[in-house]
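Next up: some structures, all given as structure tokens.
Below, chain A partners chain B and then partners chain C, in two separate complexes.
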Partner chain A sequence: MGVSNGTPKDNGANGHGQTTEPVGRHPRGEGERSDSAVVGKPFVKVDSRSKVLGTMKFADDLTLPRMLHAKLLRSTEAHARIVSIDTTRAEALEGVYAVLTGRSMPITYGILPVSQDEHALCVDRVRYIGDPVAAVAAVDEETAEAACRAIDVVYERLTAIDSVKTALETPEPRIHDYGEEGNIHKRVDLEFGNVDEALASSHHVREDLFFYEGNTHLPLEQHASLAEWHPDGKVTLWSSTQTPHYVHRALAKVLELPPSRVRVVAIPNGGGFGGKSDIFNHEIVVAKLAMVTGRPVKICLTREEVFYCHRGRHPVLMRFRTGVDERGRILGMHSQTYIDGGAYGSYGVASTFYTGALQTVTYHVDRYKFDSVRCFTNKPPCGPKRGHGTPQPRFGLEVQIDKIAADLGLDPIEVRKQNLVEPHSMTANWLRVGSMGLGPCIDKVVEGSDWYSKFRKLPYGRGVGLACGSYLSGAGLPIYWNDMPHSGVQIKLDRSGGVAVFCGATDIGQGSDSVLAFIVADVLGIDPVDIRVVCGDTDLTPVDLGSYSSRVTLMMGNAAIEAAERARAPLAEAVSKKLSIPRSRLVFGGNRVFDAENPETGVTFAEAVQFAETSIGTIGSTGSYKPPRAPGRYKGAGVGPSPAYSYSAAVAEVDVDPETGLVAVERIWIAHDIGRSINPTLVMGQVEGSVYMGLGEALMEAMEYRGNRGVVHKFPSMLEYKSPTTMEMCDVVTYLIEDPDPNGPYGAKEVGQGPLLPIMPAVANAVFDAVGVRVDEVPISAEKVLKAILAKAEGKDGRYGPAKTPAVEWHEPHRVPPPWEGGDGRAIDDPKHMPVPLADPSGHRYKHDMSGD
Partner chain B sequence: MLRLPDFDYYAPSTAEEAVRVAADHGPDAAYVAGGTDLYPNMKRRQQTPAVVVGLSRISALREITGEASSGLRIGAGVTLTRLAEDERVRAAYPSVAYAASTISTPLLRNMGTIGGNLLLDTRCNYYDQTYEWRKSIDFCMKRDGEICWVAPSSPKCWAVNSSDEAPLMVALDAKLRFVSPEGEREIPARELYGADGINYLTKRPDELLLDVCLPPANGWRAAYVKLRRRASFDFPVLGVAARVKTAADGTVEEATVVLGAVHPSPRIIEEAGAVLVGRKLTDEAIREAGEIAQHLARPLDNTDFLPHWRKQVVATHVGRALAGLR
Partner chain C sequence: MSAPVPLTHITRARNGRPAKRRAQFTVNGEPVDVLFAPHKTLLEVLREDLNLTGTKHGCELGECGACAVLVDGEPVLACLVLGLDAEGRDVTTVEGMADGPALHPIQEAFAQYGAAQCGYCTPSFMLTAQVLLEKNPSPSRDEIREALSSSICRCTGYVKIYEAVELAAARMRGEEADILEEAIYGR
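And now, the complex of A and B:
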């Protein structure tokens, strides 16, 4: 690293890093089995056959006797007061069993406790075109649809708000009567060390504006749900959801049922990407319709409705001011984000913090300031899409670093490598970084892509670009703050030798069912096919918070190891007695339990279970996981901490047609620091999938709206919402960096989201290398590239991007000294704040180098 | 799922019967071949025929007859997959096979026919939407509404002819044979398309397309260039069909340049063809033809991409089509 003095690691603040709380588990055999038989091996997914053969049942494949079909009537107004709803004509139609309006479900819900702002059906206000206002259950979909068209709604139109700018300029009418003020939903102002001072003492300061357009998840499976009402007063909902636990909570709340009488079963999702992590109107509506009609009720949304559910990438306008020294090392950074939240809160408060929180975990930022504002607008609500709130600022940061390197005549690779955060260190905003493999990631892609023979050397029209990223392996805090486990696993052993594993996690295609089977199989020394996985069922499985935040492998994995080790103990005890072999010599492997010193002596796994059952009765076990406590104590410190951060670096090689501006990505080299692969094939799949999604965001995907008669989605269809086809998919070369993290199960970190992050900025940087223009926006569409090329040819600035930010009255920030400037992780305006004196009070990481100025 | 409205379906096995059924039901009837255009439109309630006359059982419509030297006759029911793969078509009319191979996706090409392609409804971002979406903007002139959102002061509809084969058929001067209760008639492709996005065909609704007659394949060459965002699935946002006849020394004797997907009909750019005649296909000549076409192209904001950009890149794409004919 070159600089050892005053690093965050050895300046005294590190005391916060010590913890006695649970860390990740690295199971060891009862004997000394060193290598894993399953973990790290490319075992086939437990559900791959059924998916390939088409026998997998998705939510819309489910049917029950006497089942009715539901449809939602959605608002055709962007912002309006509901004057009246007349359902008489609809109710009179033959085959219609029930018609609901908002009055039947007046209780609000929302994914975050601070944003309980949604109604299952709008009560007196519609907030976007597509907001559900009424619902019908009928004998078939056609009848339900006809009934919806027979419902007469009278609206009184209100001013519709189409952007952050309009929202800031239009405090009235308010879209919601909560939030900061006017149409501002959330504002964040945090400062870690005096950034103005850091910028003033910098050798070079750059200010850049970027815009990241909103885009959506586009899962192939359209959301579907089926509900059944049981005569004993219980309701069951089968749904394509990533978060059965939160749907469970919301259903109980809105339907006013004790949670013990509500059962939510997550059906394997045909793609989620964050788009099925909220509680959706249709989920509550079918449950209510089932209660009202006494018959099972199913709904499957149309593709257009999936666009209206959205909860995808927030459009974010960004301003970054970054100061560096002569060598390009970051002394201070001020980031501002302007977020278009859409019509509801969703995860928005968390998203707002995420547009700032992870800017510090790749490159050391000595002092950091972060302001953000999220506004309500009359569009489908934004929420968490793969990378949740971090791809936008990551795009800006990685492009800005390239610009800084160019300004200073430095190598963008070297600039990044000099700035790398140290492993096992703290960041300015009090995030505790564990293992950190970004350096090796960069080296891999630089070498693999033959970077130095291409960068600035390819012919006009061709170029390469590099960018990096980092992501959480699960959020450190649960959505509802409590001290209970984030993930629970239960195991039932059977005398047949079969093993059933129960966990609340949901397989959304990422392979979490498989990971659960692999880990338990590995610990018990059996074959994964002998394991039956039961997941995502609030009646049957222990709580796991859900498949979001890249948390499942790490959290469920740790819980699974604990449960499997506990299940193994009574077996070892019984076998040890039976064979008179000390427990320490027993090995679980190859579907047997045997003597390490004398492998022929042993019993089958089933026999081991039988011995244990004979001696102590029914065998079962549980395991749980809760992340270590995060060191930050300031308001907002809850967003950003994670047990482990994954890292990735990517090089993109592009071909730009200078006559049209069309960009084709030819190849991506990507390295991902996974900690340890539980299954390398699944890890590669996630990396390649991220590249594919990243290409879409980089080149074409955009949630665009038009102003005709309100704010209307430009084209909610798969044909005209442009997402890459296989023809646009580039070649991908993937490298996995394995440096086990102490907190991960077997050392594993996340891979579901992180590898997406470097793709968009890598493409932007490559476009610059190819044709010498900067598109400081995503998507990098042909129109923008051509515009910049033509501007440059006319001697103007070869840049396309935002020119200004709207006026916002920022608040005085909460000031939190970074760890190396003392303090205890609290804001200095927090009465509990205790300044901790430092050996070297100015404590900059780069103090020595700067002392010459 | 989006559901189809109710309709009566007839499946005649001869063209005569099909024509009779259609005539019996007048404007309430629509023919359907592959259904890849009609059915999605029906699901979105853009078209709501009470009677649908299926053509897939009429084997006569699926024939490819004749010789390249005297002109090939392609049955209206020939699928796009077959058109793209047929050896005779590929050898003598490679641009026709190529254009077919670019249409939509492999699955849709297995269903979609050349007849349906040439008679495709015009397209517009304000029109190819569900009933509910259109309701939220109060509909538009082409269906259920009053005004044109693309050109609000315009008395006519500017929905775009987005067929990939139509500009080629115009460039090639192909002839289309129709049958109705009043007998057969031939309409040259050049006279088939109207200038209005609502009345986009000059044929009557009950006229059934039997086949397309391609001209004898000698002495000329043609090319098709398609511009779209993605290399599959997408309709063209600009199509350029070019046909030239050159003397032995390469001097152009006849040239036709047709733009597709930027107007309600495929448009022959006469001046672009004229500027090439008597010259060789030099960079200079090609550039001039391209600039003329670009100047005359009037893309509007009703497809993918910004209309300004679609106009900006016309010259480049005309150039690429012509350069392919050198």
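And now, the complex of A and C:
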């Protein structure tokens, strides 16, 4: 398979032609087209025009007759027992229709089966300031608010836990009565090959500490939900959610309704970034209020409440010990992460594994050890934000590689390039890497940024830094254990020539509705405008697990190809009979079905449907997708595998004011290995948006709390939570690398999250190049840069960052031999473990043969 | 904006809430005559009383810019203005941008460039850009940046927004212009 470094426009003589066997899942059989009419072309998003007209309805734009408005009363205590809640005064207010407390919904829920630790309204304990304790449905928002103020709650204060350190030192009171012990929610201890031995035999070993502050998604749309109860025992929830399927399951569980009578409709999100991928209290509460009052009930959270809902980036303290040979090749790495989880489990168990799992997919790590601990604290719960658990360790890794290169007097680019993971190989922790375009990504940004005439050569105050990253194209396993498809697509054709496509995926602005239409249009050879997509409705659409883990293009895309191929088959059969042309010669294109050898002979697409309808009746089809089974068999092997990994490299050029420490990022060059662009406009938008979000994290975004005031959020407002405006956003120069992956639809991989990953470390490395100080923390605020500059001027270490980690008693790790050390993917303490003969006993660098799977 | 309408002497309706007040103004060129509670913001009046939900909100505190509308041709944060203050004014919302069935060139350029990712900030950026282009038909990238700095977009990184404004500006100047290859395929 060749690596195509070009963009679609210079990708072969006919524009988009595949000169070799196409890579990835492509439409097969009759009518296979030599080129794509839609895929790879800049078609306008299917919903763009309704968005620019202002007619697109978001959740808070929905109204129903007789609709009531809900408000939540949220805890003013960080950690307390609820002694009593008196709702009498609230209920007496005119215009109040219902007041609920936690007792009305005693069943717990949570996104992960292992952490069903939330109540829709707190029952006897509040765990963070903002935890919902009561809810009101009233005639309008003002009345609902007044009623909330009239609810009297008596709290008995408990010790509030404000950090990982406090959590480890304060086993009692426990925030939850499950988890590991005390206030430790989850720990992970895994070792892939003997790391101590690898470090002992290394030419150079570096140990570094890093801290990555938590930050939040800040979608521009505040979460909103509308619920309606039908007297026939059914409830419908319209919600700004990224994961209608999981909300559906939770609603059925908590409301004790058969899932068949619960309908969740995901309304296009006004931005998500992971912030709407959990199950939220208010979603369950409005459904319950609708059931209780018999009237539609809507809620729209205030911006302040959105900060309390959070589920964003975990604050993570990290310690990395990495050993290299004299050329900088990584022989062993020991990574430890200390994670502040906030008050609930959320996706936290997965996040914990993600702070270690993807450290091995960019650079070959011969032996790898990973310890992690996630603690509960009395702060808004953390969860998945763009990059989910991986930006923090990626920051540490990319900064440490630069430090190692500096220690050894090596070029940081060369150090990275000789460590690159081989395409189609396995990592020490048993992740199967497919296409791997990081090398060309690095080359592009190095060349584009004129790196070698700038690095270590610019005047004091200016500098450049480079970093890389990689991300999943969808999690290999579903959130709850099952063997069913991760994505389903259904297609209905009718005699008009119009096509309706149904899928449970949710458009959060990333353009998944468009990707669905483009792929189906491409396979059927019709114009995307003739396709109507119906998405994210648990009553109408087949299940798709949701818009998280960058899974939609790959999984929905493969399901869509399968469904479209199956829809095409009866049409080809009917046209072949009618025109007496062998099926193998039929081509679907230009809204026609025609003879490849004699293109004038053919029928319109609508006629083809009519022939097929005439001969076999109504035409419909389905397609589904399930990721390939991952090779790892150890406990924890479920987090990290993906059908394909995207790769990115970025160079940041910065201007640091040594007087103030203020960092201005002037330009970022970024190259992203997309596999193949289904739609280049959408891909570019995702790359630029990721750079933007990474820049905000790098320079300013932080969830901060006042510990002395009961762990209250310092500034739950958009004015004080700084995020980049047009004035802070840098110029972006983007390069797309197309290295198609065998598992991707048309070879496509993800783009929504990966390009964020290199930004923070690229900025940190550039700051070092500019002023010679290290800020081993995110965000890299002016204050920290200045402190490091002043420290250096005083002859001290020119560094700002954590100095120590709290004491944790790490457990004996589960030892899993890497593939090249005779492993079978299981831990050696697993009774089923069977060492296998080395595939390549001659060396450590092991190449996995994909063809065997 | 003129001095706010005094809220003293608000009469109370029987349910204890303030009695509704009336305002007459134009929205997208059409006269409207609305009754609403006097504390309602222009944002609420537009969305709730006139059913013009194209105007969005991300904070309702004047922090995000999403609610920008034009009042007498100037961008104004609708969440910071009382509906009563619109009395006699000329209000333009995103719903008023298109010319009959034809999109405004700014709308078309935003659509073509994918400058509306989630689309939630889009009305505010388009209206602000419209004012910019009326005053300055050939703005530089920096002038666009400056003019649009009052709204936050969390999706696009602003790049496609700038490119869309530049494309629309060129077309509004009567030039034959199309999306730039390198802006959508990369370099």
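Going forward, the second predicted complex is superposed on the first by the 809 of 853 C-alpha atoms of A that agree within 3 Å, B and C clash if a C-alpha of one lies under 4 Å from a C-alpha of the other, contacts with A are read in each partner's own complex, and residues count from 1 in each chain.
Note that in this section a contact is a pair of C-beta atoms (placed from the backbone, for glycine too) under 8 Å apart; a residue touches a chain by one contact, two chains touch by 3 or more.
Just so you know, these numbers come straight off a predicted model, no measurement behind them.
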Between chain B and chain C, more residues of chain A are touched by C
Regarding the shared-chain residue A:T601, is it in contact with chain B (first), chain C (second), both, or neither? neither
What is the contact status of A:F273 with respect to chain B (first) and chain C (second): first, second, both, or neither? second
Contacts for A:S260 in the overlay, against chain B (first) and chain C (second): which applies, first, second, both or neither? neither
First (chain B), second (chain C), both or neither touched by A:I129: first
First, second, both or neither for A:K722, with chain B first and chain C second: first
Partner chain(s) touched by A:T618 [first = chain B, second = chain C, both, neither]: neither
The shared contact residues of chain A with chain B and chain C are 142, 302-303, 717, 719, 725-727
What residues on chain B touch chain A, complex-wise? 1-3, 6, 125-126, 128-133, 135-138, 149, 227, 229-235, 304-306, 308-309, 312-313, 316
Inside the complex, what are the residues of chain A that reach chain C? 7-9, 42, 44-45, 47-49, 51-58, 60-61, 94-95, 142, 217-222, 268-273, 302-303, 448, 508-511, 677, 680-682, 684-685, 687-693, 695, 717-719, 723, 725-727, 729, 732-736
Residues of chain A that touch chain B when the two form their complex: 74-78, 129, 141-142, 145, 149, 300, 302-304, 659-661, 700, 706, 708-710, 712-717, 719-720, 722, 724-728, 781-783, 786
Spell out the part of chain C that touches chain A in their complex, as residue ranges. 15-17, 47, 52-61, 63-64, 66, 93-95, 97-98, 103, 107-108, 110-114, 116-123, 126, 144-146, 148-149, 152-160, 179, 181, 183-187
